[in-house]
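Chain nomenclature is as follows: A, B, C, D, E and F, assigned in order of appearance, with residue numbering initiated at 1 for each chain independently.
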Amino acid sequence: MVEGILAVVAHPDDETFGCGGTLALHATRGQSVDILCLTCNPPERRGEFLKASKALGVSEPIIFEEREVVHSTSPIRRISDAIVDRRPRAVITHLPFDYHMEHKLVYEAVKEAIEWAAHTTAYSEPWLVDRFLLMEVNTLIPNPHILVDVTESFDRKKEALGYYKSQLAKFPWGYYERFSLKKAELRGAQADCRYAEAFLEEPLASSSPFYEAKKTENLL
Amino acid sequence: MVEGILAVVAHPDDETFGCGGTLALHATRGQSVDILCLTCNPPERRGEFLKASKALGVSEPIIFEEREVVHSTSPIRRISDAIVDRRPRAVITHLPFDYHMEHKLVYEAVKEAIEWAAHTTAYSEPWLVDRFLLMEVNTLIPNPHILVDVTESFDRKKEALGYYKSQLAKFPWGYYERFSLKKAELRGAQADCRYAEAFLEEPLASSSPFYEAKKTENLL
Amino acid sequence: MVEGILAVVAHPDDETFGCGGTLALHATRGQSVDILCLTCNPPERRGEFLKASKALGVSEPIIFEEREVVHSTSPIRRISDAIVDRRPRAVITHLPFDYHMEHKLVYEAVKEAIEWAAHTTAYSEPWLVDRFLLMEVNTLIPNPHILVDVTESFDRKKEALGYYKSQLAKFPWGYYERFSLKKAELRGAQADCRYAEAFLEEPLASSSPFYEAKKTENLL
Amino acid sequence: MVEGILAVVAHPDDETFGCGGTLALHATRGQSVDILCLTCNPPERRGEFLKASKALGVSEPIIFEEREVVHSTSPIRRISDAIVDRRPRAVITHLPFDYHMEHKLVYEAVKEAIEWAAHTTAYSEPWLVDRFLLMEVNTLIPNPHILVDVTESFDRKKEALGYYKSQLAKFPWGYYERFSLKKAELRGAQADCRYAEAFLEEPLASSSPFYEAKKTENLL
Amino acid sequence: MVEGILAVVAHPDDETFGCGGTLALHATRGQSVDILCLTCNPPERRGEFLKASKALGVSEPIIFEEREVVHSTSPIRRISDAIVDRRPRAVITHLPFDYHMEHKLVYEAVKEAIEWAAHTTAYSEPWLVDRFLLMEVNTLIPNPHILVDVTESFDRKKEALGYYKSQLAKFPWGYYERFSLKKAELRGAQADCRYAEAFLEEPLASSSPFYEAKKTENLL
Amino acid sequence: MVEGILAVVAHPDDETFGCGGTLALHATRGQSVDILCLTCNPPERRGEFLKASKALGVSEPIIFEEREVVHSTSPIRRISDAIVDRRPRAVITHLPFDYHMEHKLVYEAVKEAIEWAAHTTAYSEPWLVDRFLLMEVNTLIPNPHILVDVTESFDRKKEALGYYKSQLAKFPWGYYERFSLKKAELRGAQADCRYAEAFLEEPLASSSPFYEAKKTENLL
């Protein structure tokens, strides 16, 4: 999938809530889009995740099916393997200041994995990610760096959300769909379009001793 | 106005955007509500501010009519004078991580003013504020401490906003009204009501050597 | 114990040092008071802990009897179970900037546990804690939010401390009792009473999608 | 100078030390390059600054000739005026963690100025800067985001440095030239070239209500 | 006074509260001790300050007699002049996290002044301070780096405090003397002596291009 | 080795890169120098490490031979045992803001180990370290506290580096030796000598209830 987007999330449905419109938008244009989900608890959510991913245009998402995200080096290696395998230009994940502890742990693991995936000492065909983007699930970004206009793909985001019936059932008053809709409309108001998704960008060092890319000659 | 709310803002319209529904809600119930605005630039905004304040239920708002908010001790003293004069139980102001430099300066000044207003060495009738709340204008709160249901008073917030014609004119595509509406709907989705306003709460020390209130005997 | 206080501490004796007077004060008035201690090493400290707890007015304290506090999700779940079971209005624990690593880990675990205890998706009868308070053991709070006058209950704190003979024996020069006494006197000097205990308060979000309590209509 | 680089510095010679090679490299290729220096104390340094700027390929640098950098809003407005006038794509300035207080103040002022330069409410022809880069003078960047290969233009950097005779005279043991050389060689070792300059990149929000550019439709 | 201590404080009495015992202890042993106080408001406090300083063993303290501490570069230069004139080995000032805004401003100014006092480009006889220590007035240090046993000199601290009659009068219930005593006893309990004063130490760079001292050859 | 230096590092070669010149300098003068390395992966690096250590003057370095550094309390205890056994006056380790996750974990573990090594309750012969120094491997220190002139011992550092053939082979273009040389020359330029190594110093509390050393009587 060289040059595409990889979203790495803690739980099935985080990808739809956080960046579903953005993934579907790029997929529709034929750009490569991929999803890696670290947990699957209870196991029934796997089927929902596969249907939602397909609606977003991702036919072979990766799911680790762990019970929970833990402090450990093992997910880091599995994520860096996925980065080296899929070769994305942009990686999207959770916010470091998310209220959910597991979301914060995923952010830390992805940041490390991006580093190691680029090391010539760790992989025979390492891969240097170019953009690192952070999305909002329930915790909002105070002042986003980027707003993506997802008006075109918003129906696919809604469709994907609809597959998460085990989650929707937890909120009889419709919180799930309504929060997702209003967040997209608020970001749309800021972006002067109907629906948008917000991101922070975190710059990456591109010049480690262990990387192929080391310098630039033009800042413009 | 003992036991009421005082909102301290940088510019005319910040009070309406940030906490207009909350102010109107309390005013309607007969609780004391007050507004202190530090700047007024250009001077024409004064009239808009007075009309908007009235719509929110505040008949005698304070406006300093400075051109801009500056690093200086003089606004601190003026704000603490207002606190001692109006005797609010809760003070609302801007976020310390607001993207707007003047909003951040107002936060700093209000925090200092709350301290000095309570000093027995500074005022013959000092006043100890009980709650310190921070509101969102354009910068969002990632994970609010408090959501106030403003469904009842939302019409008055809309009316107040309508008086800021000099500001509305800057956004021909209707950004101003639309962002305000969608923010209230998003916070409403989180609060399980139609419209809400979000706040952070910052705890205050209640036991300085210079305060009357010094201790408690019950945490429950 | 609905509506009472739960203190969660790392080691036997932390509860007495940090908030023993406050617990005894509330217990004496018939308010519910509880203690949860995560470790017990060496096992002999269990007996000391039970005697001290009783002196403070807690008849059924919880003790996990682990050897040490570790980075892991298991204590979080055990603490949230205790919160759901005991239903406290206020939770007291260690400072996030305590010099002792295990105290910091307990702070993190308690903060997470308070979140999960309130989730309707995690418990059939979830419980939303109202106040989150942080106490001082050896590390002092620079500028406390709250000082509790413990003059009345100070004898019970001293009695409780006296049961920790295995700890007292480590300090032949009487550090243990003297530091506890002088800290209470210093905080008393600040609170204009004989003995006091100091706390920081950390505000909690009361409006997650997973909580029953979602909004307020009155800030006063 | 649409699409070029603007370096904003506290003192004459900071531009040469921090990004002289980068400026000269771009100028040689015919790209627009500009320098804005806030102070000039003593006044004799003005002549040195003009000669150095010319050596770097900047024929009309801006110099404010203040005695010192102060906490105030006036430099912010003057810098934003310069941004609107010169229309740079990239702005380079000092590090926020520089050991020199005046360098830190310049960083703060430039960050504010970039914001206001883009406001449709502040300028009839506002300008949205695209990249915000931070350079190293005496304080080093722990882990740079970008290394620019300045091997080609390093002679021009050395020539520029040579014009600062009033500064060189303060270091009889040649500190000035030697530190500059060794820093470029160290960064060159990291970039796998002879001489390099290091930068941090700070992402900018591109979607304020007050900006023309508000959204994107492609992250790749 | 080469090799002595200089205490720089915001208000008359801060020196006595924060480090009076430490100053008197060193003065008694014949070591050089000096005090610089930035403000004097109301002017009557000048006389109290001179008497207190004398009791601590400082015959020629410096007092600027400003009304308040302000954000500005002028106090920085006056403090660095004093450092160059008095040549202290250790400088003591307020905490950066003090609750009092003016104390924080003094900390910032002293930190800058220590830097500039050592510059060969700023002074013909520059002076490099060796130790930078931070004391506690009303805000406590959570975990001190250094405890100074002031048992011997505590009577002189009490005597000095007694001269601040204008301040003592503000606290009819004796807060002033009692807090000072209990703080010294608490720190004494930690230090295994009767009375102590607590400090943080902030390491200083000793190797600027502008300093005489640049390197060491022995870390032991 | 009472009174010497102990360097604690994550991987074989970190000690040479970060403080090899400083260790060799002290060893040559007959001062005690020791190295503790936490990992050894792959196992072949053990031989390289022993040769390099010997070149730096350390005949009995400690190597734990773990595969990786993990979040856990077990390394803390092993490090504190080593501190109590070797009794160093100064401990050197990695930077807390190093880009490498394992380096950051080692910093955390060493900081904790220094604390526990001094506890009279943990060891029958506890040891209180006096200085805690942080070195630079690939991540640079922005503004060092200390520069050690290693001109005399630089040949031994180069010799030690040469033994790490498995690492050198990863960089055919000579990055390894060149970065090490240029970093030493840059720090030398700052220290006015040929080669230097840079360190931060982090002050340690010397007055815990559990320490023998509790107070001082002289700050000069």
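Basically, a contact is a pair of C-beta atoms (placed from the backbone, for glycine too) under 8 Å apart; a residue touches a chain by one contact, two chains touch by 3 or more.
Small disclaimer: the values here were computed from a predicted structure and weren't measured.
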Q | Partner chains shared by subunit B and subunit C (touch criterion as defined above) | A | A, E
Q. When every step has to jump to a touching chain, what is the lowest number of steps that links subunit A to subunit F?
A. 1
(Q) Taking each chain's centre as the mean of its C-alpha atoms, which one ends up farthest from the centre of subunit D? (A) C
**Q.** Chain separated most widely from subunit E, comparing mean CA positions
**A.** A
Q | Copy pair subunit A, subunit B: interface residue numbering same or different (half cut) | A | same
Q) Once you find the CA centre of subunit B and the CA centre of subunit F, what distance in Å lies between them? A) 52
Q: Calculate how many whole Å lie between the centre of subunit A and the centre of subunit D, each centre taken as the average of the chain's C-alpha atoms.
A: 35
**Q.** Computed distance of Cα centres, subunit D from subunit B, in Å
**A.** 39
**Q.** Multi-partner residues of subunit A (at least 2 other chains)
**A.** 71, 99, 138, 143, 175, 179, 190, 192, 205, 209
Q: Assign the assembly's chain-to-chain touch graph to one of these shapes: line, ring, star, complete, other.
A: other
(Q) Going by the touch definition at the top, which pairs of chains touch each other? (A) A-B, A-C, A-D, A-F, B-C, B-D, B-E, C-E, C-F, D-E, D-F, E-F
Q) Quick one: in the complex, what on subunit C touches subunit A? A) 71-73, 112, 115, 120-121, 205, 208-209
Q.
With touch defined as at the start, can you tell me which subunit A residues reach subunit D in the complex?
A. 3-5, 22, 25-26, 29, 31, 89-90, 131, 133, 143-149, 190-193, 196, 200-207, 209, 214-220
Q. For subunit E, which residues count as touching subunit C in their complex?
A. 95, 97, 99, 138-143, 173, 175, 178-179, 181-183, 185-186, 188-190, 192
Q. For the complex, which residues does subunit E have touching subunit B?
A. 68, 70-71, 99, 101, 138, 170-171, 175-176, 179
